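Structure, as C-alpha cells:
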Amino acid sequence: MQEAMINRAKQLLADGTVNRVIGWKRGEFAYDITPAVFDSADELDSDFVFDDFTAANVSKYLVKESKKEGKVLAFLKPCDTYSFNQLVKEHRVVRENVYIIGIPGGPKLDAEKIKAKGITGILGVKNENYTLKIDTVYGEETMPFYEAVLDKCASCKSKKHVVYDELMGDEGDVLDSDRFDMVEKLENMTAQERYDFWREQLSKCIRCNACRNVCPACTCEKCVFDNPASGVENKAPADSFEENMFHIIRAFHVAGRCTDCGECSRVCPQNIPLHLLNRKFIKDINELYGNYQAGEDTTSRAPLNDYRQDDCEAGIVHERGVE
Amino acid sequence: MLKISLDKLDKLFEAVSASQTLYIPVDREDGAAEYKKYESGMKLSSALNTVRSAKDFFFPQTENLVDFKMEGKNIEVIDVREESEDFVIFGVRACDARSFTILDKVFLCEPVDSYYKNRRDHGTVVTMACTRPAETCFCGTFGIDAAAPEGDAACYSDGESLFIEAHNEKGQKFIDSVASLFEDGDTAKLEAVREKTREVLKKLPLANLTTDNFGGDKLNEYFNSDKWGELSESCLGCGTCTFVCPTCQCYDIKDFNTGHGIKRFRCWDSCMYSDFTKMAHGNPRLTQLERFRQRFMHKLVYFPANNNGEFGCVGCGRCLSKCPISMNIVKVMKALEVK
Amino acid sequence: MQVNENKEFEPLIVAFCCNWCSYAGADLSGTNRLNYPTNVKIIRVPCSCRVNPMFILRAFQRGADGVILCGCHPGDCHYTSGNYFTRRRMTLLFSMLDFLGIERDRTRVEWVSAAEGAKFAATMNEFTEAVKKLGPNRRLEDLRCRKQ
C-alpha cells in the first residue's frame, strides 16, 4: 500500500495537480511517526510511511494547509474523512485546495500497549498473520496483533469514506460497533461510583491540552482556556474543580460536532478515557434528538444548532439511568 | 555493600513510612506508573519510569505562594509558607536524579527560591539503578550512567536482593535509620548485572547520540537554522513534552480571585503555549516555530551557555514516548546538527 | 453555602432568569407579596439562551449549591427560538453532570412566564428544599473559594 501511495503522490506532484503532500514521516523507531508535508518525490521516497502505526489524523492540519498557495494532496483514512467533512461543513477548510485520496483505515497499533506487556527496547515490529514479531534489544518477542490495537480502532464506527476525490483500495461500510458499551456501563453505575470513576481519571490530568490541540473539531482561533481575560484561564489544574470544568467544557464545545475519531484518548499522556465524555454526548444526542453522525454530510444542521418544538425537557435527566 | 532481600521490600517501606512520608512508583490500573504516597500493601512498580517525572516533589505543578485579603482600603498579605515535613522519594531513576541537579542550578542560585529549597532540604532521594533500559533512553548522551545513579543514596538490584549505598550525609542518615533490616552482602552477582545493563545501554538505538556539536557557543548557527520550519510544522502546541519533562522549569505566576480574597499561585508553564512569557506589549514569540525553537534552544544552547556547559536534558525519553506527534529532542538534534 | 444561627445548612441558589419572562415573573411574585427563600440569588440575563455551560459551572465553583435556569415557555421566547436552544444545551449539560456523578437535583430548568409570579415562588421554594436535602455542594466545588 505504502508504495502505491508514494507512486500515486509522485504522479500527482509531477502532473501539477498538487504541489505538496500531507502524510506521515518515518521516525527513529518502528512506531514514532510524525505527520508531515512532503514537497518532492525524493522526500516521499526517503521518508513517507504508511503502516500499522500511522494512526494520526491529519485532517486538522488541512485547516492551515488548505489556505496556502496551491493544492495539497491528503491521504485520509475513513475516520479522518469524517473529521475533514465536518471541517468543510464549518467552513474551516477550503475544499477546493485539497485533493483527497481515500485510503483503507486501521486497525492501527498502539505502541503503549506493546510496552504495557513489558516489551521494551523495541527495535522493530512486524505483523505476520496478525501476530506481532517484535525485535528488541533483549531478544525477539511476540504478541497477538489485536492486543496491541488502539482503543479507537477497536471500536471502529465506519470503514466508509465520506469524502474523497479518488479511492485506493476497496470502499468499506458503516459498521455496527460497540462503542457505547462503556458509556452504558457507567450510566448504570450509581452516582457515587461514577463520581469516583471520573475523579480517579480526571485527577491524572496534567493539563497539557494535547486532547484539545489534536482535536479536529477544536479549531477556535483562541480558546477560552488560553485567554487570560476570560476569567477561567487556568494553566494548571490547581483544584479538582478546574479538572472537571476543563473536560466538561472541552467535550461540550465539540458536542454535535465530534465525529468520534478518538484522537483525544490516543494522545492523552495519562491514558484518560476522554472519548467517553464525547461518546456520552453522542449517545445522548442519538437517543434524545435522533441518530446523528457528525461529519457524515456537509448540509444537515448540527443537533445543538437545531431544535424541535416537541424536544424533551431538561428534566428528562432525572428520569433516565441510575441515580 | 548492605543488602536486603527483594521480598522484604515491604518491611523496608513500612519502616521508612513509620517515621516520614515515603513516595514510591506504583503501577496504575492503566499500566502506567506514578509516584504515590506509600501505604501498606503497595508494590514497587517494575516500570522503567513514571509518566510524570519526580520533579513534582520539589517543584509541584501548582503551589500557593501567598494570600491576600482586602479589608476596606487595607490589603493584608498572608505568608502561607510552612516548613516542609521530611520525606523520602524511593526508586528515582538515574535520569530523574540528575534532573534535580539541573533544577538546583535554576532554583538555588541567587536569589534562592525558598519554596523549592524548603522541599529540597527535607527530601531524601533514594535512586534505583536501571536494569532494563528502553529504546527511548539516551541518558548516556548526557554523561549519566543508568547503572550507577546519583541521589542521596542509591539502590541496585541483582534480581534477588536490593543493595544500597549512601552518597552523602543525608543518604547515610536514611540508611542508618533502617540499617537493622539490612545485612552485609556479596556484590559479585550485582556486578555481573550491572555489566549486563551497560552492555544493553551500548546497544540501544540512541546510544551514539552525542552533544558534541551543541552548546552555548552555537547560538547563531542553530537559531538561524532553516530546519525549524520543517521540524515545528506539525507541532500541535500542546504542553505534553514540557509537563512530562523532568528538567523543564518555566512557570507562571497567577492570581486567583476566590471571591473573598486573592490566592497568588505559581504553576508550570509551557513554552509551547501561545501566552508563554506574554507581557504588556504582547508576546515575543508569535508563531509556533518560534515557540518550538525556544524549547530546544533552551535545552541545547541557552542552558549550557549559562551553566558551564550542562545541558537542559537528561535523556529520560518521556517526550519521545509521549509526544502526540512524536516530534522530540532527538529528532531535533539529528536534523539540526552541523558537524 | 451559608450556615444560619441554628447551624442548619442554608444552600446558596443561583437563579439565571431571562429578562423578558422569568425576571418579570420574579418581580410579580414580589409585588404579590409571595415568599421565596433568601437563599436564591437572581442573575438577570437577556435570554435563557445567553447562559452557556461555563456560567453554570462557575456558579458552582464560586459557592452555589444549586443552579436553576428560568426562561420563557417554549414558543414564547422574546427572540423566537432562544429557549429551544437552551433546552437542548441544558439537557445535554445536565446529563453530562449526571454522568460525572454530580447530584442531578442540583440543576434545573424551569419555564416561568411574566404572569407566573406564583409559579416562580413555588419553584424557588421547592428547588431550595431539594438542594437543602442534598447538603452542601462538594463534588463540583472549588476548595479555594470555600469560605472558612
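The first chain written gets the first letter, and so on, giving A, B and C; residue counts start at 1 in each chain.
The criterion applied here is as follows: a residue touches a chain if its C-beta (ideal position, glycine included) is under 8 Å from a C-beta of that chain, and two chains touch if they have at least 3 such contacts.
In UniProt terms the chains read C = Coenzyme F420-reducing hydrogenase delta subunit.
The model shown is predicted, which means the values in this text are computed figures rather than measured ones.
Chemist: Which chain's mean C-alpha position is nearest the mean C-alpha position of the whole protein set?
Modeler: The chain sitting closest to the overall C-alpha centre is A.
Chemist: Taking mean CA positions as centres, which chain lies farthest from subunit B?
Modeler: C
Chemist: Would you kindly tell me how far, in whole Å, the mean C-alpha position of subunit C lies from that of subunit B?
Modeler: 46
Chemist: Quick one: subunit A and subunit C, Cα centre-to-centre, how many Å?
Modeler: 36
Chemist: If you average the Cα atoms of subunit A and of subunit B to get two centres, how far apart are those centres in Å?
Modeler: Roughly 30 Å separates the two chain centres.
Chemist: In subunit A, what residues contact two or more other chains?
Modeler: 238
Chemist: Using the touch definition from the top, which residues of subunit C touch two or more other chains?
Modeler: 142, 144
Chemist: If I count partner chains per residue in subunit B, which residues reach a count of at least 2?
Modeler: 256
Chemist: Can you name the residues of subunit B that touch subunit C in the complex?
Modeler: Residues 256, 258-260, 263.
Chemist: Which residues of subunit A touch subunit C in the complex?
Modeler: Residues 183, 186-187, 191-199, 224, 231-232, 238-242, 244-245, 248-249, 251-252, 255, 277, 280-281, 284-285, 288-289, 303-309, 311-318, 320-321, 323 of subunit A touch subunit C in their complex.
Chemist: Which residues of subunit B touch subunit A in their complex?
Modeler: For subunit B paired with subunit A, touching residues are 28, 30-32, 34, 48, 51-52, 61-62, 132-136, 200, 203-206, 230, 233-234, 236-240, 242-244, 252, 254, 256, 265, 267-270, 273-275, 278, 320-322, 324-328, 330-331, 334.
Chemist: Within the complex, which stretch of subunit C touches subunit A?
Modeler: Residues 53-54, 57-58, 60-61, 74-75, 81, 84-85, 87-105, 107-109, 139-144 of subunit C touch subunit A in their complex.
Chemist: Mind listing the subunit A positions that touch subunit B in their complex?
Modeler: My answer: residues 27-29, 31-37, 56, 61, 111-112, 115-116, 120-123, 136-138, 204, 206-210, 212-214, 222, 226, 228, 233-238, 266-267, 269-271.
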